[in-house]
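Look for chain A in each of the two complexes below; its partner is chain B in the first and chain C in the second.
Moving on to the complex of A and B:
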């Protein structure tokens, strides 16, 4: 391809620059502002005085618990559904309906998942405002992402692998579990990691299903209420006039760092696998 | 059939079951409200008064706010997003495009509460100063932040649509002696039109459903806004702000689920139209 650009083409490249500039500037600005508020105490201490002094340890731990709970639910169901769609689903109207449901589930706003989680898990099933309710709600929110990642990863495995396995006398399930699924494993795991980074940053769902602002202790079980980074940021920024600004920026910085580490490691891992694969 | 295969089949069916269950459950919680509601004032009225007696629940103001902010985000974001996608798909060397796609994917992961915080502390004061407003917490500021937030969705879907155009189209065009610029705008973009329209629709769906940014930045006034430079509250922000305060099975609780059902229906419709645009194109091609 020619590497010189005409004037109108440079205009297009300018638009690309304009699209990339705000998010990159935002990330940089947040990290610079956050630096003033970050200290070992801020990350590893319990909060005190309604969060105005002390640290945010329970919010960090709460977010990690949420991710753990979400993974426990979404990984088996999401990967199972992805395997079904890629390997076993017959080409018929019912499968088409299932695909449509998947697309629609992916488009549902997170606040609607929160509404459902509140009415169903918190109130109807009586789980209350708890890690359990919030994890289940986040699992539903991330389910379409995990299903899609699994299906795409399995579609990326050449059909000849499957056929070779079947030709050796394997059953369909043996072909999937010993050949195609292991080949697709890294794609599935990176997709899941990306989905979980969404869950880590989501606020609308947990705001409705059980996050608390000030709980100076770590969650003890899945029935506990919990602090979480995004909710902590929301309340500090909007409801607490006395909160020192550098603490709010530091909270934003920690949340952004966590989410970006998940995103970047997923992306790098995927690129590495892509280079290593011979098919 | 081995039991493992049965298990994955059940997991597959769960997706369908869950989608139906969410819609039906939200609808069931909204039903007691719609049963009492004899006219269309829920959609056309301007008063949301949950604590007065008798309480009134009308959502025109929230719908208009959602519409204004979404329109602004899409109108601002679309030209930049589509031109960026053309750059990625057609202009830049492959290794640069691969890298920038990853960067876009990364920016898609910036949590909306972080964008809301930036809108609150950086964008809103800036908007207030530039337009000489009493407060920068307006639909305009929210729309501005949202236009940046929808870009990753828009760019990645538009980029995908452009790259799905068969290489032979471009080669045939070049063989006729056209420039790259002519090939892009006369051949590739028209061929990808369906996918580009779907990309815009799906970005719109994201903007409608976005909650934290608009809750934090749009200002929160409950009545119908006269212009985008006023404080306002979109329907997502209404739900997030009020649902945990509404007593279970109170009128307000059911009214909020009714608002949620309206939001759900709008996003389903936008998704269905996008799917139809893509599907229709496949059949035609």
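Moving on to the complex of A and C:
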């Protein structure tokens, strides 16, 4: 057993502690504080009195709708673009440039996308403040992530599978659809799930594209305005004197729980697939 | 010995990767239903030459090929050639066993399914026949639905051979098919090759000179992209005409 640490080792260990403890403490603190405000009513009832009493059902449902709408766009478009880049695009400088651009687009602040969504979807296309505008804006934010995840998952499939398929008389599309894509499926889906969990927690994209703070009914179509967890949390924490603090913490707890479930299932899934893979 | 008719005729084949001249003016005629071995040191262009016969080099950007390559008197390098049809006729087995991450059954049924065959009864027959032809049936008939990865390396390679046979090729290209296998598994593959030549024309690239001597009817020796010598295997290994061939087979080179 090690008796003593050298100075550099102590520094590195300290850095690890500093890196891990605060986020863990924050998560734990939120769940502990949230426990006081969580009840069946809080989760399943409509809000009342500008959200000071009642529940947050419309915010939960609104966030799920947003995720659904975003998935509808991001899955076909993002995966399609990623498959094209990885399997069909010519290997030249332009493709390389495009791939670099996509990676960098993933770092664009979401409020910028929010502003674009407002100008383009809400005003220019006339979708108004709606689930549609907000979902499309979130889709734009997450697309670079999904395209990149798809591309990387496909690059991870051994070229020998593709080669074997082509040598058996497959067209390029057949090789992709029957071998490479099924092999990359888990990587694509976990990447998409992680991107969606970012969309679930994003406030800036939905802020000016359709989210409402107090709307005590459920959305009825993609043209409805809607409540959403992150926006509700932001307003009740900053703009609303008299909001009982345990309700704020409880909202944070529900949002955190939703995002964690998505992230953890993505991680577990990836681990499981990794164990099953033998190449 | 009765001379079989020529299945593959290459005339002045040159292959370039960008500016690199990898195969240089190779002309050769390969008889039907025989095994031709292509030997030569690493980088001599053996694999490149082999892979031009099912146009697998098409997928490498910057590749250029000149000359004429006839299979059954059809120029396979012509522009209008349907590469998919060509590859059904000219199968390929690779250096490392590369079964798909699918069951043994699905691996073999893969090619026929690509062609749109759906009937379970027909597929069953093709799978069984192909596995029998590849001398693998008896070892796997009770576990056709386990993953191809659960087989040993030698079995995986025979599975890949069965997978190629299921498409009904007339020519089988083998790119160092035993180089990743142990001697026992290698012996089985060689035995299998001798059985396959009853119905197929086999062209095998190999590093292993004993292997070429054991299984092939004819041997082509490639050096630096040039065809140095091509003759009956017995002649190449007993009375080579070129000093470079002599040096190579006696181990003085590469």
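Just so it is clear, the second predicted complex is superposed on the first by the 272 of 279 C-alpha atoms of A that agree within 3 Å, B and C clash if a C-alpha of one lies under 4 Å from a C-alpha of the other, contacts with A are read in each partner's own complex, and residues count from 1 in each chain.
Methods note: contacts are C-beta pairs under 8 Å (C-beta built on N, C-alpha and C of every residue); 3 or more make two chains touch, one makes a residue touch a chain.
Just so you know, these numbers come straight off a predicted model, no measurement behind them.
Q: Aligned on chain A, chain B and chain C: do they clash or fit?
A: They fit: once the shared chain is superposed, the two partners occupy separate space.
Q: Would you sort A:169 into first (chain B), second (chain C), both or neither based on which partner it touches?
A: In the superposed model, A:169 contacts chain C only, not chain B.
Q: Who does A:90 touch here: chain B (first), chain C (second), both, or neither?
A: A:90 sits against chain C, while chain B stays out of touch.
Q: After the superposition on A, what does A:183 contact: first (chain B), second (chain C), both or neither?
A: After superposition on chain A, A:183 lies in contact with chain C alone.
Q: Could you let me know whether more residues of chain A are touched by chain B or by chain C?
A: Residues of chain A touched, chain B against chain C: more for B.
Q: What is the angle, as a multiple of 10 degrees, that the CA centres of chain B and chain C span when seen from the CA centre of chain A?
A: Spelled out: centre of chain A as vertex, angle of 100 degrees.
Q: Nearest CA pair across chain B and chain C in the overlay: distance in Å?
A: 13
Q: Enumerate the residues of chain A that count as touching chain B in its complex and touching chain C in the other.
A: Touching chain B in the first complex and chain C in the second, residues 171 of chain A appear in both lists.
Q: Enumerate the contact residues on chain A facing chain C in the complex.
A: It is residues 90-91, 158, 160-161, 163-171, 174, 178-179, 183, 277-279 of chain A that touch chain C.
Q: Could you please specify the touching residues of chain A with respect to chain B in the complex?
A: Where chain A meets chain B, its residues are 1-3, 5-6, 8-9, 11-13, 15-16, 18-20, 22-24, 26-27, 29-30, 76-81, 83-85, 87-89, 97-98, 100-105, 107-116, 118-120, 123, 140, 143-144, 147, 171-173, 177, 194, 197-198, 200-204, 207-208, 230-231, 233-234, 237-238, 245, 248, 252, 255-256, 259-260, 262-264, 267, 271.
Q: What part of chain B is in contact with chain A in the complex they form?
A: 2, 4-5, 7-16, 18-20, 22, 25-26, 29, 79-81, 83-84, 86-88, 91-93, 98, 100, 102-107, 109-118, 120-122, 148, 151-152, 155, 179-181, 202, 205, 208-212, 216, 236, 239-240, 243-244, 248, 256-257, 260, 263-264, 267-268, 270-272, 275
Q: Which residues of chain C touch chain A in their complex?
A: Listed in rising order, the residues are 54, 56, 59, 61, 84-85, 87-88, 91-92, 94, 96, 98-101, 110-111, 114-115, 147, 149, 160, 163-164, 167.
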